[in-house]
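The following blocks contain the structures, represented as structure tokens.
Both complexes below contain chain A, partnered by chain B and then by chain C.
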Partner chain A sequence: MYKKKWIAYVMIIPMLVFLSVFLLYPFWVNIKNSFYKFESMLDKNPVFIGLDNYKTMFTDKVFLGSFINTLILIGLVLIFQVGIALILALLVNSITKFSSFFKVTFFMPIVVSATALGLMFNLFYDYNYGMFNQILLIIGREKIFWKDPQNLNRLFTLIVSPVIWQYIGFYFVIFLTGLSGLSKEILDAAEIDGCSGLQKVRYIQIPMIKNITRIVIVLGITGTLKVFDLPYIISPNGYPNGKTHFLGTYMYDKAFNSVDIGYAAGFAVFIVIAGILFSFISNMIFRQDHDL
Partner chain B sequence: MRKLLSLVLFSLFVIMIAGCGKGDVEIKTMSMFGGTDPHAETYEALLAAFEKKHDVTITDNSATSDEIWKTSVLTAFYSGVEPDVLFYFTGEVAKPLVTNDYVVSIEEIRKEYPDYAKNISDSVMDPYAVPLKGFVEGVFVNTELFTDDLAPYLEKDVWTWDDYHEIANKLIAKNITPFAFGATDVPHYWIEHTVLGILGPTAFTDIKGSIENHENEWVKALKLINYFAEQGWYGPTKGNQEHSAAEATFKDGKAAMILDGSWLAGSFDETTTVKASKMIMMPFPAIPTSKGGKNEIYMQSGFTSGFYISRKAWEDKSKRDLAVKLVESMINTEAIKDFCKSGGIPADPKVEIPNQNNLQVSMNSMPAKTVSATLPLSDSAKAGSFTELVKAANYYITGNDTGIKAALDAFLEKQ
Partner chain C sequence: MKLSKRTTTRTLIYILLSLWTLGCIYPFIWILINSFKDKGDILTNSFSLPIKSFTLDNFKSAIFGRYNVLQAYLNSFIISFSVVVLVLIITTFSSYALARYNFKGKRFVYALVIACMMFPIFSTIFPLYKMLVNFKIHGTHLGVILPQVAGNIGFATILLTGFIQNIPKEVEESAYLDGANVFQIMRYITVPMSKSAYSSAAIFVFLWSYNDLFLQMLILTDRRKMPISALLREISSKEGGTNQGLMVAAVALIAIPIIIVYFFLQKNIIKGLTAGAVKE
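Presenting the complex of A and B:
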């Protein structure tokens, strides 16, 4: 089968057709729409306005705020989501007992829908019935208005925490797969040479999964650029006054609430370009010089 | 064993053939009676009865109404996969359906079917959609919390501006939140009632002129929300919470009142924590500084949804008659009576609803307590524009003039 390459090409074609119909063509239409102004969702005669949607984007304070929020979230994802996932993978990789239990437990949040998680966290934060406030009452403390919009830093933390937490397990599994594929001989040889556990991690394991790290970072960045469900449920409409919007939620808001289709299409193009750009930068930084 | 297997396969084959024989014509329907909507049961029963009577297959795609659903309906028409019969909003939201000739007018239908929807009052009929029932908006009151010094207020027909203040203060003294309010996603009712209260009904019929000439009054109206929040009317959250969370406090008896539409009545009966028999609806008070008129109580109500027949179904000879009959099966006197069991004003004047609970009787008395009935601002404003006011809800709570003016400008720009 591998010798007859045309078979592989034939089998790739259905996927190519699928992607062309459901991804490439819509994206092309989306790029085209970003140069038009639509009066309504069904506007058959939108007006061509050139780059106006893009110009408006960079003077729109809510857009700039949502972009900054997304950048902060990318930073937090790279530090905490990827970082914690790596630490957990290193720890689980070093043990033999209960490792399957940990794998399942850490992966569990991924299989729960983001919407359900958002609603669950909303229940945790609720002033009247929330779990956090019930705990405070049990220990004799005053209730806290967790989602107080006057305390933007806390509100932002409450929005991004479940986002970061949910996908730790996903990257944990990727890291663990990479770590379990490392040659045992190299690690044993290092141990014989007197290498401590931390030194093995620092000088052998982490460098050897550099490619995996690069993939995880690209996935983390692109995933964060389109984050939507959890922030949208926890803080609808970027409450207060659009200050907790991310690129994905603001794009949705413009498309479906404001029915500003052209402007939202511009957002989508921006998100894709930003994704490609950031992925390129991270690839540059983590470029593999040579295989170990 | 082989014989048994053959018998099972043959039976399956027969069932499949029989299934294929049933309902050669497929009627596609879409409505907002999906999910937990209180009308879903009646709607589904009527669809099933129609399917059985006319030997057709009905493919229903109903969902709870929200912005995504509204858009998905428009997109269905745009992509050529529209339903044959649709229950949808009227007014600005449905404008694309009308301007693109995607739906058939009642006038056109009546040329072929002169008695089509004749049982519906002409005064509430939309040119394209046949309404089922109308709604009223007002203050739902849990009378069980009105004890001791609050009891006398229940004897009154309406509450004045001062009454509301006294009631709120007394409730706060009892550690009860006067109003459940979730501004995060549904500040609609408070925006609309404060603007209507301060500016009067003309603000909703001439939105552009009203904002251009009376912007300060609009700001003043929206800043009332800040005034109420500071007075403690919305409790410790000051309204900074989701509507679902706010509604839960009312349903749980922790908040005494909630400003909402008559559709909320469907959530209460005698088995709920707050019982329908212990509830009333009161109008939002007249505001002393109103531009509209002194001591005039305004109400928001209307018939803002109805059944449409798509142009595609109308042009299809095999579907036209069925589509018309399907709508008629939904809007006949008996069907409307069923739909109105959960509250609302019937579009058919012949409908009499027996055994109405206290809340329903109270809602029906709303028109008599008010001087005018106006369509809500969200229905009279251009599609996609009201959201500009919704998004700025926190500015109303904090009383931020600059933010409020910016929201009004964005809203005005889309009119």
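Presenting the complex of A and C:
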């Protein structure tokens, strides 16, 4: 019955039209734009400048800063987000009661928009009435100016903590699915052989979900390269002086505040290439050690 | 001895997990209780229940004040509902074709769909913006709907294709022998059998569309057309510093409905997520 191939072609045409018009074509134009200099939003005659936009990037301190910030965030995401998610998944996998309750609550922050979360954390951080300062007052300490632009490390921590916190549940659920799919026999056999709980985790469970870990790491990296909403709301325009920009927020700033279209297009290309490169590297690292 | 050690470990595990639960839920509870308090109480007494100073003023000023939150909800609903319907219609056909037919270029199409899931919105936004201006749909709901549909097609196609592939072909084939055509088979057999995959896809697409700030913010500049996330950002940038009651109510208005919906639909959401992510 599946012989009439033309039906299949007709069926995928609407999808291909949408993808071509709203994704592939703009993506192509964007690559082209990155070799031009635009004078205004709707500049009809941009000037071809070759690789200049890309060269400027590597002398632009704010860009380099935003890149470093993004790299640091990737590191923190891999350590804390993925790490905590894995620990929580191992813990929930080891219990029998309430496991679906924990699943539901851990996942909850993901369904709330980053906009709402950003505004919520702004309420926590506020000097005059924020939740954090009220806690300090209750335990008899002085109030803190949380978003102090002098203290960049703390400011950075305040921006990235919600980003990390929000998506732990996401990776937790993926890990848990992987763990619950492992065969019971192997784990039981290990237990009979005198394997302790931690040994089971170290030598059986973690190696056996390596594929899942790889997916989680790739998702974590590509997701982090795209981060926008939360930093944009907690620390608008890279406050102070672009020091807390990430690739996404700085690109937005360049495209829509400075209207430097070609330059911003170069950024976007950079983000995509970085994403592909990082995914490739992490795939390689995880495929190399076969003996695990 | 061994037993008691086990019990302690287990208790410890439950304590840790409960702490993390608290960390996930408490922020929203804090928002909820403070949205019913007057400003003074939020400033000094944000941890108590809103008993002494119970008030609905924050919600009144958020809903009936200078910003029309109800209109924004309606806009959100129009946009996200249209996106879900369009995505499901388009992907019903694309996923059926990919799951059931063997045609030239199928592998390429499949790879293309996955590649399209990887593009961040930043890499298309500016040409897209220009294109929407040229089509004269910049600033309209359609201008948000169409790119969002394109952005969600990939995920929905992958999810549905994976699901349909796991349905045995035999039922379809016997219906075919009885004289049903492909579209009747899809209408009466395949789609009804894929209900759970459809609901997961629908929920996820809805969530992403509802929560997406970037596109909404860039394409809709008229406040009356803004969906809820864009309007909230607008409120916070205009009065966030001074009007705490309004801010708390605004956050509650955007977060609480979606959390309530989440609790009703959580099974489909979590199932759909793992199906989508692990298949990738």
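Operating definition for what follows: the second predicted complex is superposed on the first by the 270 of 292 C-alpha atoms of A that agree within 3 Å, B and C clash if a C-alpha of one lies under 4 Å from a C-alpha of the other, contacts with A are read in each partner's own complex, and residues count from 1 in each chain.
Convention: a residue touches a chain if its C-beta (ideal position, glycine included) is under 8 Å from a C-beta of that chain, and two chains touch if they have at least 3 such contacts.
In this text, all values refer to a predicted model and were calculated from it rather than measured experimentally.
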Check your understanding: Putting chain B and chain C on the same copy of chain A, do they fit or clash?
Key -> clash
Practice item. Please indicate which partner A:134 is in contact with in the superposed arrangement: first for chain B, second for chain C, both, or neither. Key: second
Check your understanding: Looking at the overlay, what does A:225 touch: chain B (first), chain C (second), both, or neither?
Key -> second
Check your understanding: Touching A:175 in the superposition: chain B (first), chain C (second), both, neither?
Key -> neither
Practice item. Classify the contacts of A:35 with the two partner chains as first (chain B alone), second (chain C alone), both, or neither. Key: neither
Exercise for review: Specify the partner with more touching residues on chain A, choosing between chain B and chain C.
Suggested key: C
**Study point:** chain B versus chain C as contact partner of A:63, first or second or both or neither
**Key:** neither
Review point. So, A:122: does it touch chain B (first), chain C (second), both, or neither?
Key: both
Practice item. Quick one: classify A:156 as touching chain B (first), chain C (second), both or neither. Key: neither
Practice item. Tell me which partner A:19 touches in the superposition: chain B (first), chain C (second), both or neither. Key: second
Exercise for review: Quick one: classify A:257 as touching chain B (first), chain C (second), both or neither.
Suggested key: first
Exercise for review: With chain C in view, single out which of the stretches 152-160, 242-250 or 278-286 of chain B clashes with it after superposition.
Suggested key: 242-250
Review point. For chain A, what residues appear in both contact lists, the one with chain B and the one with chain C?
Key: 42, 122, 126, 128-129, 236, 256
Practice item. Show which residues of chain B lie in contact with chain A when the two form their complex. Key: 67-68, 71, 74-75, 77-78, 95-97, 100, 184-185, 236-237, 240-242, 245, 248-249, 252, 254, 383-384, 387-388, 390-395, 403
Study note, to complete from the structure: In the complex, chain A touches chain C at residues 1-2, 4-5, 7-12, 14-16, 18-19, 21-27, 29-30, 33, 42, 88, 91-92, 94-95, 98, 101-109, 111-117, 119-120, 122-124, 126, 128-129, 131, 134, 138, 165, 169-170, 173-174, 177-178, 197, 212, 215, 219, 222, 225-226, 228-229, 232-233, 236, 248, 251-252, 255-256, 261, 264-265, 267-269, 271-272, 275-276
Revision key, fill the gap. Within their complex, chain A touches chain B through residues 40-44, 122, 126-129, 143, 145, 147-149, 235-242, 253, 256-260
Point to revise | Residues of chain C defined as touching chain A within the complex | key: 9-10, 13-14, 16-17, 20-21, 23-25, 27-28, 30-31, 42-44, 46-47, 90-91, 93-94, 96-98, 100-104, 106, 109, 112-113, 116, 118-128, 130-131, 133, 146-147, 149-151, 153-154, 157, 172-173, 176, 182, 207, 210-211, 213-214, 218, 229, 232-233, 236-237, 240, 244, 247-248, 250-251, 254-255, 258-259, 262-263, 266, 269-270, 273-274, 277-278, 280
